[in-house]
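Labels for the chains are A, B, C and D, by order of writing; each one numbers its residues from 1.
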Amino acid sequence: MPKNRLEAFSDGIFAFAATLLILNLAVSGHPLGEQLLGIWPSYAAYAVSFITIGIIWTNHHMVMHQLAHVDRFFLMVNVLFLMFIAFIPFPTRLLALNLQSEGAQAAAITYGITLTTTAVLFNVLWRYAAHDRRLLRHDAEQKVVDGIGRSYLLGPVMYLSATLIALLSPIASATAYLAIGAFYVLESSIFGRRP
Amino acid sequence: MPKNRLEAFSDGIFAFAATLLILNLAVSGHPLGEQLLGIWPSYAAYAVSFITIGIIWTNHHMVMHQLAHVDRFFLMVNVLFLMFIAFIPFPTRLLALNLQSEGAQAAAITYGITLTTTAVLFNVLWRYAAHDRRLLRHDAEQKVVDGIGRSYLLGPVMYLSATLIALLSPIASATAYLAIGAFYVLESSIFGRRP
Amino acid sequence: MPKNRLEAFSDGIFAFAATLLILNLAVSGHPLGEQLLGIWPSYAAYAVSFITIGIIWTNHHMVMHQLAHVDRFFLMVNVLFLMFIAFIPFPTRLLALNLQSEGAQAAAITYGITLTTTAVLFNVLWRYAAHDRRLLRHDAEQKVVDGIGRSYLLGPVMYLSATLIALLSPIASATAYLAIGAFYVLESSIFGRRP
Amino acid sequence: MPKNRLEAFSDGIFAFAATLLILNLAVSGHPLGEQLLGIWPSYAAYAVSFITIGIIWTNHHMVMHQLAHVDRFFLMVNVLFLMFIAFIPFPTRLLALNLQSEGAQAAAITYGITLTTTAVLFNVLWRYAAHDRRLLRHDAEQKVVDGIGRSYLLGPVMYLSATLIALLSPIASATAYLAIGAFYVLESSIFGRRP
């Protein structure tokens, strides 16, 4: 089974999930200028989730680049994975609207569970494909394959930690989600340039 | 007429219909934690519809893989088929919001009619393409073609049965929709692995 | 300038505009069963607009198939054309919600102006590409090219007529939009099969 | 890293952001005909933003056409750039709903900041790719490359000017956004034709 339509379907869901985030932004009442400044948690949540989806898309891109083909099991895990990608706009909205209210903890935990599960499923996807080089291209270097496997383990650990932080402080948890995104952006900015 | 743009258009609608499902999730009132637990039918409905769309997409993928080209009649049936795929978010919302109220029966029937019609149109699509090998690739194996035709007959039968169950019990009907999705996921998990 | 990304962008807008139509369906109040039957104009409007977008997509597909490349002027007219495609969900909603009220005439006229303009822009697109075979493939047969040009003239005439009918009777106008869609579906069903 | 999936993801976000603009159009109250005429700022805002996204898409298309490959840094800047593209529906809505009220200035400034930032990020994207011909195709002509670099500088200057005009007159600023779009459309109409 060729992989190009899987990429098209996945790219579609990544792109729509990211774009749908904008529907979470809304103002009501006036004066408009004050309202627009007051919804800063909405901008922050939009930026963090958009960049997070962008980073996961970049990594999905790299996984697919190592594969020769896919099978039905891979397709099915990919559907479950995309189900959590498409879910991200919902906890993003919760976090944006409740960051400064008593619902902050529930929102931060929901956000964290979503991202942790996404990261776990991404690891399942990669490990299934890479186990015994099941779906890999013949020319995929084993060193690169092992390196990808190790670096992807970081995701679930970081997101689970940030979720647990929400039990103590929702604001600290939200800051941790922001920091994880910033970490990945900076990692790419510094290490991702062509020399 | 080449088939690549048909795939791009179809993949767009599959991906977008799946992603739009998230707009069905909403909470109002508080405390937020309780609200988030209380809308479990929305999560279940989201998961069942997302996975169902993912499975149908996988099957559409496989049908297209067997075709050499498409004609205008096939395009037109495909548009009707996609019209029902794009319709799925509406009965999903009905089911999520009414599963525990008196509207459950109407919602479960609407959901079932949508999925049954989708499955019927999918069979029309395949049968039109496979009849006398009209649109098939020259190297499509007749054994595989016959196998696909038989397995796709299961869809309309299962969804029609689940729809009729709604006349007796909406909850049992909703459980049947869940079971059909789980059946396809498990079928892929067990039989879909590369040995 | 190659044409594949133009196709991807156009297919995306066709697919999203069609899928967004589902957001026009909503029920409120109860009993749910009665509500679901009462919103039949919404189903009809959804079906007519979805099929209309599908038909226009099919025709756009065929135009692009005749082209060797595109230029900036073509890109720009295509953007204007897509702007009206993406506009279709709005008059569809107007028609669905007002078909049985005093707003029916304004809704039917808005719907008609949108579709007429879309059809006119589609003709501009084709005529610009085909004039002196400006953007055509070398192997595009002049007979086919002339045939396409003639058949596309029908669209603006039919939609303008249906728009003018709205001045007399909005219901007759809505029926005409339905009839135009049905005409294209039947035309494809009868003439579009591979012999 | 190949560039085709970057194009698919980007095209998805461009197309989706443009299509989501339609959700900003709404009427309430009656008579419907008067309402539809009264929301003319919504039509104007829809058209200006749709065409602006279309123009930026065309330019993105041309940048990608000059590239041989992309790296992670380019991917990351592209994600930030797309984050602002996907943001456009929000200030478009603000401008449409507040053009004739006291919120006009805040709306026009928000719209301008969004478009100016988008234009700046687009320049960063191009300059990073073109610097020392880092990501360029071997056959990309240096003259064309330099010409692109110069012409793209115009965007941030024009949008920043229009944003500053909003401090004096929101209406003049909105007219400037319209004029910038019209300028690009006319530029393409006159200079973009194949001779």
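Keep this in mind: a contact is a pair of C-beta atoms (placed from the backbone, for glycine too) under 8 Å apart; a residue touches a chain by one contact, two chains touch by 3 or more.
Given the structure is predicted, the values throughout are model-derived calculations rather than measurements.
*Asks:* So which chain is farthest from chain D, going by the mean of the CA atoms in each chain?
*Replies:* B
*Asks:* Are the interface residues of chain C and chain D largely the same numbers on each copy, more than half shared, or largely different?
*Replies:* different
*Asks:* Angle of the rotation mapping chain A onto its copy chain D, from a C-alpha fit, rounded to a multiple of 5 degrees, please.
*Replies:* Superposing chain A on chain D takes a rotation of 90 degrees, nearest 5.
*Asks:* Calculate how many whole Å lie between the centre of chain A and the centre of chain B, each centre taken as the average of the chain's C-alpha atoms.
*Replies:* Those two chain centres are 26 Å apart.
*Asks:* Nearest whole angstrom, what separates the Cα centre of chain B from the Cα centre of chain D?
*Replies:* Here chain B and chain D have centroids separated by 36 Å.
*Asks:* Taking each residue of chain A in turn, which ones touch at least two of the other chains?
*Replies:* Residues 8, 12, 16, 23 of chain A touch two or more partner chains.
*Asks:* Looking at the complex, which residues from chain D come into contact with chain C?
*Replies:* 7-8, 11-12, 14-16, 18-23, 25, 27, 30-33, 36, 46-47, 50-51, 54-55, 57-58, 61-62, 64-65, 185, 188-189, 191-194
*Asks:* For chain B, which residues are in contact with chain C within the complex?
*Replies:* So the residues of chain B in touch with chain C come to 1-2, 5-6, 8-9, 12-13, 16-17, 20, 23, 71-73, 75-76, 79-80, 82-83, 86-87, 89-90, 94, 98, 102-103, 105-107, 110, 134-135.
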